[in-house]
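Note that chain A is present in both complexes that follow, paired respectively with chain B and with chain C.
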Partner chain A sequence: MAERTQILRIKRQQNPNSEPHWEEFEIPYLPHHNVISMLMEIRRKPVTRQGKRVAPVVFDANCLEEVCGSCTMVIDGRVRQGCSQLADHLDPTVTIEPMSKFPVIRDLWVDRSKMFEALKKAHAWIPIDGTYDLGPGPRIAPDVQQLAYLFSRCMTCGCCLEACPQVNSHSKFMGAAVIGQVYLMSQHPTGKMNHDERLQAMMAEGGIEDCGNAQNCVEVCPKGIPLTTAIGAVGRQTSIKWLRDLFMK
Partner chain B sequence: MRSGARNHRTAFAGATTGQQLLYALDEQVRRYEVGGQVRKFEGWEMLSLVQDESGECRGIVAIDTRSLEMRAFPADTVMIATGGPGLVFGRSTQSLVNTGSAASAAYQQGATYANGEFIQVHPTAVPGEDKNRLISESIRGEGGRVWTYRDGKPWYFLEEMYPAYGNLVPRDIATRAIHKVVFEDKLGVDGNPLVYLDVSHLDPEELNRKVAGVLEIYEKFAGQDPRKVPMKIFPAMHYSMGGLWVDYHQQTNVPGLFAAGECEFQYHGANRLGANSLLSCMYGGDVASPAMINYSKSRKSAASSRIYDSELTRQRESFDKIFKMDGSENAFALWRELGEVMTENVTVVRHNDKLKITDDRILEYKDRWGRIGLNDKGKWANQEVLFVRQLWNMFELARPMTLGALNRNESRGAHYKPEYPERDDANFMKTTMAAWSSDGPRFSWDPVDASLIKPRPRRYDVDKPATEARTAA
Partner chain C sequence: MAEPGAIAAPIAAAGMTADERHWLLRRLHSLSGIIPIGGFLFFHIFENAFVLRGGTVWWKETEFTRTIPFQIAVEAAVLWIPILYHAIYGLIITATAQPNNYPYARNFQYTMQRITGVIAFLFIGFHVLSTRAFFYATGTETNYLRMHSFMIDPVYLTIYLIGTLACVYHLTNGIFTFSITWGIAVGPNAQRLVNRACTALFLILAIASVAILVAFRAPA
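And then the complex of A and B:
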């Protein structure tokens, strides 16, 4: 019997301005492989199925434990982290592409910086001690903690943007991840104090108004974060703020 | 509860404490960035120090990993906080950025590398093809039991060997016990280097509340539910106690160069206890910041621009050479070989003959490095060319680790030599100091001050005698 192998069809692109092309690699199957370890296998022998020696496939990856979010890619049409895609769950041929909603740097490596820019716009932080101690913060009830915990696991990977029909070249929509973080910060007693300015950012261009309620974000989130809950809540809060701002002027 | 401790001393955030800390820090940096107090150079990699005529550190040279543009960054003081050297061991529990490359570059430019031989191996990791994934100690803290089959029945060997601490013995003890059971007793699961870590007897609800994140890691990356079947685990390289030598202000012996976190050597001696890495990061950062400000203020003259140009030229030339590499070796395959030999000989059990062989192999790898053939000649986002350089730095760092272990003829903390099973305070209660030279590391030894607490043997089979504990405190 022939040795079991895995074929990888990979969409490659030299640089942000060049046209993409496809290449196929074939590597020995191993039960403990995942997509990243298979890409590492290719690096050790960067030869296509056609026997052509090529540059190793460029990809971003770091923690390999779904904490950093950097190895997010589209595998067989579904966006997810490469490190947790086990070889055992793949067909004999797997198709791997970079995310399409982010600029490609090279091959599977994309530039996710627009998500971090959105977090900056939304003031997604809680003001804590600076150079001096502000003393212990307020206590948080366990049920609030548990709710906040769900949102605190967001790794800014980009899956929710990739799956969202509203995130596209014609729109400035910042996507669900940042809305989840705005909601998270509002659960914290200190964070709550700056909730208004975060809502302001959510009401600006590319904010929550652009959400089309497709609910794909919650479907693809690798952490199972209830993003639609956040979108609903932040949506209501922005409406109230809009009315309040109208009458308080 | 963490190993080596019988009282709760660590605060946890759900089951993903490290992740929460990382995000919280990221969040605070963002706050300062928006406030205009911090400027980030993301995706830039440090290549080397810029030193003036007297050897003082005056900045660094770094490369943009996308455009491969190189730049000199002048600085009043420089802080290295680059984490551990996990990739020297190929697969470890660390992230792919943990090449040790920055610490190695500083070492090659005159910074002393201390206690390189003290490498902590974590007893419970899931072996993978790309990395070994840590199964946190909290699993044992919550009641997880380590066992394997003996005569057809589960054998809870840690509980039998160490009745007082049981499954909560420190990392090195648990690691060596697993090693012994697998390699000497040949009792690994299905004959493989694996033993069971079992929580299937515990209440799944409580597990979900306390350690769901950890169990999810296993479920996700090993494809099985640990609430139902025992996890298969094996020890993996986890942390380097050794690193750049620093003084009480976190300054290396290169004036103006500071280091904090895992990349420095100071706080963990021959072994690190659970959560103490955080303690050393927090304390190191706290001490270093005012020290760096003081150092900057005490500086009299500005550096001449010439030193930046010459370091930049040196780095450009070294990359030009890498771009011309046209041999038959593959850098990534060579890295795998390094990782395998380091993991086999410079982790859990050290034998002098094998350490000597390892050093010979490192020299052989350095030789083969010169025969690497670059597959990627591109001038944009070329990860291979960056890796070739990192790999050289790994070789340089692997030597003080290996030779430091060879020189230390005793067993201490994570360093275990069966030929010398006892701790030898008379000869080896010393910090190993390695200075780089083109002929290999030059070693010297610095005595450890133990005047305040008298060293005593570590014992985990019995409780610590109360009187002795009081005197020690």
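And then the complex of A and C:
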């Protein structure tokens, strides 16, 4: 009986400026493989199906348990984490591409720093102590804690940006992840102190108004973060801020 | 620490920033689709539904729409300017889209909203040119006979069916997205409810529109 194998079609790119090209690899089938372990298998023997020896496929990965977000890639046309995508759930031929909404550094490795820039723009952190200890913050009610927990699981993986039709090279939209984080910060009693500043960032170009309500973000988020709830809630917060500023400033 | 007022005052004095303008234009786009344009579409379907009781009743019941004081100013303020703004800015928004094939219902609705928007823009242009603009140019009212002659022409009828259904889809799906944009429907259950209600509204308005267009085919 012929040995069962797995074929990987991989979109490769030498450097950020070179043209992408496709290469096919065939590896022995192993139960419980995931996409990252299959890529590691290629790394062991970087020979294409045509028998050509090539540079090993470059990819980003860290935690290997779907909490760091670095191995996000497009597998069979759908964005997801390579480390949690089991080979047993894939067809014998699998197509792997880097995310299309981020600059490619090399092969499957992309530069997600624009998501970090968005977090900075939206002041998506909570300032704690200054030059002296400000003491413990206020207590948080358990139901607010539970809501906040949902949003705190965001790993800045970029799935929500990749699937969003409003995030692309001809739009400035920052994507849904940062809106989720702005909502998270607005639930925290200390975080509320900078709420107006964050809403200001949300009301700028590239902020919440550029969302087109396609709601792909919430469908593809591997952490099941209720992003569209955040979009509705921050939409309401900006509506109120706008009316308040209009009549009270 | 600086007084908040000391920081806020010069910003306020500087007038509107590019970002503030962006926000206002987007929200005006969202609002204008409902008020007045959406409101007018409801009214337009309602007034024309009188044709289901015959051409004479329809002409009589819609008489007041032809005798509005300051007719041109009212039409411009309530219809032409908002529609032109909504259409042109809508095309600018559409240009920032990159639709994809992720297989979710909302994603399909997102793409449809853009397609129907463009169809509605073309259709409304055609419809206004051949009715109101035609009247202002020639003095000929679009009475029953004129509408009848349009609707018995299969080409016109097809254009009207596609155009009207596109407008109705664009409005009802737009009510849904409006409710998210303004933060009226926030949670998933609320959004599902509004989405269902909007689908029902689409069906009702679609049936009414088709019935109206077909009714114009009856001989005078």
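To be clear about the criterion, the second predicted complex is superposed on the first by the 246 of 249 C-alpha atoms of A that agree within 3 Å, B and C clash if a C-alpha of one lies under 4 Å from a C-alpha of the other, contacts with A are read in each partner's own complex, and residues count from 1 in each chain.
To be clear about the criterion, contacts are C-beta pairs under 8 Å (C-beta built on N, C-alpha and C of every residue); 3 or more make two chains touch, one makes a residue touch a chain.
Remember, predicted model here, so these are calculated numbers, not experimental data.
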item	value
Fit or clash - chain C, chain B, common chain A	fit
Which superposed partner A:242 touches (first chain B, second chain C, both, neither)	second
First (chain B), second (chain C), both or neither touched by A:46	first
First (chain B), second (chain C), both or neither touched by A:55	first
First, second, both or neither for A:209, with chain B first and chain C second	second
C-alpha centroid angle, chain C to chain B via chain A, nearest 10°	170
Touched chain A residues, chain B compared with chain C	B
Which superposed partner A:232 touches (first chain B, second chain C, both, neither)	second
Gap in Å between nearest CA atoms once chain C and chain B share a frame through chain A	15
Of all residues in chain A, those that touch chain C in their complex	77-78, 163, 165-168, 170-171, 173, 203-205, 207, 209-216, 219-220, 226, 228-229, 231-240, 242, 249
Residue ranges of chain C touching chain A (in the complex, touch as defined)	8, 12, 18-20, 22-23, 26-27, 93, 95-102, 104, 106-107, 109-111, 113, 176-177, 180-188, 190-191
Chain B to chain A touching residues, read off their complex	13-14, 16, 18-20, 22-23, 27-28, 30-31, 33-34, 42, 66, 95-97, 127-131, 133, 213, 217, 220-221, 223, 330, 332-333, 336, 375-378, 380-384
Residue ranges of chain A touching chain B (in the complex, touch as defined)	14-15, 30, 32-34, 36-37, 40-41, 43-46, 53-56, 58, 61-68, 83-84, 86, 88-89, 105-106, 109, 113, 116, 119-120, 123-128, 149, 152-155
